[in-house]
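Next up, some structures in structure tokens.
In the two complexes that follow, chain A is the common piece, with chain B as its partner first and chain C second.
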Partner chain A sequence: MAISSPALPRDVVVAPPTSRRVGFSLERILSPLLLAPSAVAIFIFVYGFIGYTFYVSLSNWRSAKPDLSLRHPVGAVYGDLFGQSRFQIDLRNTVVFTLFFLVMAVLGGLALAILLDRHIVGSGFFRSVFLFPYALSFITTGVAWSWIFNPETGVNLLINATGVNDVLATYGVGPLKPGWITNPEVAWQLNQPIAAIYPPAAEWSLKLGVPLAMIPVAIAAAWQLSGFAMAMFLAGLGTISQEVREAAALDGASDWRLYKDVIIPLLNPITVSVLIILTHVSLKIFDLVFAMSGKGPGFATDVPGIFVYEMIFRAQRYNYGAAAAIVMLVGVSIVIVPYLARQLKTL
Partner chain B sequence: MYDMTKSLSSRASRRGVLKGGAALGAGAMSLGPLGTRLAAAQDAGSLEVFSWWTSPGEAPALQALFDAYLAAHPDTEIINAAVAGGAGVNAQAVLQTRLQGNQPPDSWQTHVGRELIDQYVVPGYCEPITDLYTSEGWLDVMPADLVAQATWESEQYSIPVGVHRGNGFWYNKQLMADNGIEVGDTMTVEEFVAAADTLQAAGIPALALAMKDTFPGSQLFENTLLGTVGPDMYNSLFSGEAAWDEAGPREAAETFVTMLDYVNEDFSALSWDQATATVIEGRAGFNSMGDWAYGEVVAKDAVDNIGWVSHPGTAGSFVLVVDSFTLPVGAPSPENARNWLTILGSKEAQEAFNPLKGSIPARTDVDREIFSAYHQWSLDSFANDALVPSCTHGQASSPAFKQAFYDASVAFVTDKDVDAYLSMLTDAAAMDAETSA
Partner chain C sequence: MASILSPTTSGYSPRRKSRFSRYVIFGLLVAATLFYLAPVYVMVINGLKDKSYMTLAGMWNLPRDLGGGGFPVAWEVLSPNIWASLRMVIPAAILSSLLGAVNGYLLSKWKFRGSDIIFTLILFGMFIPYQAILIPLIRTLDLVGLYGSWKGLVMVHVIYGIPIASLIFRNYFTNVPSELVEAARIDGAGLIQTFFQIMLPLSLPAFVVVGIFQFTNIWNDFLFGVTVVFSPADQPVTVALNNLNGTNSVDWTVVMAAAVLSALPTALVYIFLGRFFIRGLLAGSMKG
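Here is the complex of A and B:
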């Protein structure tokens, strides 16, 4: 592995068996020895604290003073947590945010990559431009986009300036003034359709649907990360040989067919990686939402990360905060673990 | 701007930085320059004071307290461990971590009431200072209802330095005159509704609300509740003696719905100072806010154009939002900490601090003439009215109930569902009773 023999000339005299055994066992000891410090650190500071967090989530710790006695019945904290309307809303919001964000970031990144791959003028320049947002912190993005999507400033001023509302007024239609991140509406509610199949759903207090205020937040996140997706896709496009493209062209494939049936299927492994990486960003999102819209109107943009922060540092319900953090971890694991398993298998 | 993005201007101690970083990894906040102690510790050692006073109105007031201390104890090095963030939300997170790690400062800022008792006294982080109250004669110059807020099991645990009035109702005089609205010395809910209808007809939101930092919503409800049920029932509700599904709170929630009909549409994107600014600039009629709003009025040079009354129905009550300082268990310099608290309770320090901070002294024997017209009005209210603690600012309830109170209000200002609101508060009160049992 680390000490590679192929670098040696082939005609080097093979060392006597004894010293060979010494070298062999040294090598066997050396690599675990070198890895041990970081392994120990990771074991304590990652897995140890995951275990501690899980234990806190089962405890009675709900004041400033740590109280690590187990709460009975065990797991009662999780029952209370999932019964809280705010946490239910947070889970819905995470799903909605993830879907919108993934679709926009992946399609946006793919479109940018394909455009740049066609060697348009200044593609090197644009490649940097599109990648720059990825270098910003989420707080910066959140603050800037909160100005853009504040109904009193930003895009709505643009709508007024372009005269759209004047045109609407001449037809007697009220001005177009979207609430963006202040819109409390939950659109496309599924409660009624579900209730038709499963009657108790009519009683749910949670509105299953798309909180409209979440869409601007997903746009901001996609703006920041589509550059990353673009870079991944560009790398993938670079590996597709010219012969494949020429073969498709000789067979009379149009550009559309070339991308739809040849190139995009060949990019599948990249797409999977992008999806996995972006999904775990999305499930853990905190700072962007916190800076951009906060909890939003009626928790329309609240996410589990904000919930964890407020439960621990404001309500001092450490056990609730820990339980919500464990739920987030499980969510991320469901996405990441199969992916890692597959990656390790192909090594 | 959002409080998280304010940078920390003051010097934090090295261990404060470490603890703060540990508390909020994830880049949630930026702590200031690493606290290398520029001045070597001097003869009398150091005094580390932890607060969340960093804004342009707060920092000079804190400095006035430091100056008062240094005048009496010139050889002490003062370490200002302030952490930025509105209403102390970030500071409290940092402080909790420091206390759990047995790294207390020499004194920290806290509201009195349940915030002091539940978060710091009961867990055993504070030393009593009853002897200072006796030797300095504070019991004679501070209202008993206020001292009671700093008392647990017959011992006092913190010294109040400044008192804010939480139930202010601020309005733009010019805007009222332009719309033919007359505001008297007090205001009822009916008078507010009449004025609000007039403003609404003129296309102006009558009530400026800000929900980005959440507390203005629960403060609006708290004030409305007080105006509806009066101070006795208000206290009973927060102490758990009365239930949230009774007629009084229900009527208050319904009045709250009425008031919410007149709020600005973009409330979820505004912070409290932005909402106050809309009133100062004449873009909204009224703002229900504690008297730190007066600091915004002064900063925008609008003192002549802004009037105030008590929140509708709350004349005769004073919602206490009281800043105080503690004596920690295991303070690094306990002698300096006790000297600091002694100075804070003095007439001179309170008279120096409060005009800058925009609050009034906890002592009632101060010189009225150094205060603005508003604060003289507040001094009269403080001396004569019923003093009730604020839940929104942590004094009336446990932190867990306060958070539930915030969360219920966030949902309520959008869905206006009275039954759901009262049942959330009832559940939170039940959970609170179970925790303290």
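Here is the complex of A and C:
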């Protein structure tokens, strides 16, 4: 592609052809030249460093002293990593967290956007409140929510205040007092059903199910990021013309049908963007969990981000940390690369 | 995209809505507001409580009297880190805006063969999990003598801020008519003169958007802060808050007050400059 010089008709002579060519070729060099420092920095600090990390993940480096000799057989670190029960738990937790978080953040964001689409009194205020958490750090959020989901206080006080536990007590039933982030239980386990179809599954040590402690963490994350989804949906709603709405109204469509059949399908491209961006955030999640619950009881809230951090900075098992980081990167790339490729086509 | 900033441009026409459904919607919005403000309420209220009045069972209660609660102690503990964060965040946000302006200008108005691919490759850098570059990053910082210093942290944030800053400026400059550049060229202005004489004066709004967005992002970072800087007094406030939360010797009122203090700068930016913040947010997630 040549330097873009739109809007000028071809036959307009701007300057004598020779001088024009000289000017252009100088600028043709100048633009890449000025871009070079940033481009080179990114190539080193992103791509070069990823290459280095990948190399470390194949090496024997698992002490404070760097050891970049290759470990044989090549890739053995990954074999060990996927065989480790803690890392298996982390992968399960990431899947569970992502599902809960996406459903809450996307549906919550969409619901808020639709409510605000009606221009009720105070919309501006409400919109600002819902997006506010996005401006806070995950650490602040994690600290606040760790107290709210502390079983001795926070939400459980509100449960008591509803009187539910008094009613339960009259029937001789113990109080409803969820352990939230301290609950080690893995609910809705799929191991048995899977073993019925695929017998070796009975031997799996990993409990395939929902670690209950992960749910409060997903709630906190949705609290923080649903405002982002809302802002995206609101921006999309703003592009839907009044004519579309009025045409639907003239056809006698109810509000429910208007949104379900007309507006939400029109928002599809935005929904896809929101899903991609929030999924990649979810795969990378680290600070929020680190501050809110840490690894959790029996690794109930452990995630790859924490695993990498601990392997590198606590255990100094650099090769395992690097391998887990590469696994995170692959996960994020699967989501992000098609998105970027699509964007490139429309540039 | 501007619609979110000017809510009257379009949207649902209110004329056929019953009064009842408006009350229902308003009620739902109020309920959502309670949910969204609950953690803020918990932090502020408990931060303001006197230590002796703070109990687990009384978390939702208002403070008994209006003393400073945990704030004086939290300020004493956290203020060095708040200053450390400011000292690091401000130059990082400014530098990354400047780099973004240059890159965005080149990538929108002076495209060359392969520039779109380079742009896409640069963009990928804003999505990676930084865990995947930590080991070589630290070795490199060590090599150049910046490991452990706040200046190293500034450098890290400037470099990893290049993608988002370039993206926002590129989208902004793309919307500046190319005729302006073309006219300047006819007048004999080159690439650099055009930038300083035409684009830079036009780009104040973009600088505000990128500056605010980067200020917030960098202020809120934890991973780089906890791994690149190790002197406790130089660590950013997110790291200090996390450490405080992990110590049992400190009482709750102080932790809650510290959480409020650490969030205050970005919260104030959001409250007073929220519209620019939203613009950065949207520009960073979709094309102009």
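Please note the rule applied: the second predicted complex is superposed on the first by the 334 of 347 C-alpha atoms of A that agree within 3 Å, B and C clash if a C-alpha of one lies under 4 Å from a C-alpha of the other, contacts with A are read in each partner's own complex, and residues count from 1 in each chain.
Note that in this section a residue touches a chain if its C-beta (ideal position, glycine included) is under 8 Å from a C-beta of that chain, and two chains touch if they have at least 3 such contacts.
Note that the structure is predicted; figures quoted are calculated from it, not measured.
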item: Partner chain in contact with A:309 - chain B first, chain C second, else both or neither; value: both
item: Contacts of A:31 with chain B and chain C, given as first, second, both or neither; value: second
item: Chain B versus chain C, judged by how many residues of chain A each one touches; value: C
item: Which superposed partner A:257 touches (first chain B, second chain C, both, neither); value: neither
item: Chain B versus chain C as contact partner of A:317, first or second or both or neither; value: first
item: Partner chain in contact with A:336 - chain B first, chain C second, else both or neither; value: second
item: First (chain B), second (chain C), both or neither touched by A:293; value: first
item: Set intersection of chain A contacts, chain C complex versus chain B complex; value: 66, 137, 139, 143, 146, 150, 152, 286-287, 290-291, 309, 313
item: Residues of chain A that touch chain C when the two form their complex; value: 1-8, 14-15, 23, 26-28, 30-32, 34-35, 38-39, 41-43, 45-50, 52-53, 56, 66, 112, 115-124, 126-148, 150, 152-154, 157-158, 223, 227-228, 231-232, 234-235, 237-242, 245-246, 249, 255, 270, 273, 277, 280, 283-284, 286-287, 290-291, 304-305, 308-309, 312-313, 318, 321-322, 324-326, 328-329, 332, 336-337, 340-341, 343-344, 346-347
item: Complex contact set, residues of chain B against chain A; value: 1-2, 4-5, 23, 26-28, 89, 92-93, 96, 99-100, 118-120, 122-125, 211-214, 265-269, 399-400, 402-404, 406-407, 410-411, 413-415, 420, 424, 435
item: Residues of chain C defined as touching chain A within the complex; value: 1-4, 7-14, 16-17, 21-22, 25-26, 28-29, 32-33, 35-40, 42-43, 46, 56-57, 59-60, 99, 102-103, 106-107, 109-113, 115-125, 127-129, 131-137, 139-140, 159-160, 162-163, 166, 178-179, 182, 185-186, 190-192, 216, 219-223, 227, 238-239, 241-242, 245, 252, 255-256, 259, 262-263, 266-267, 269-271, 274, 277-278, 281-282, 285-287
item: Chain B partner contacts - residues on chain A that touch it in the complex; value: 62-66, 85-86, 137, 139, 143, 146, 150-152, 179, 181-182, 184, 205, 213, 286-287, 290-291, 293-300, 309-311, 313-317
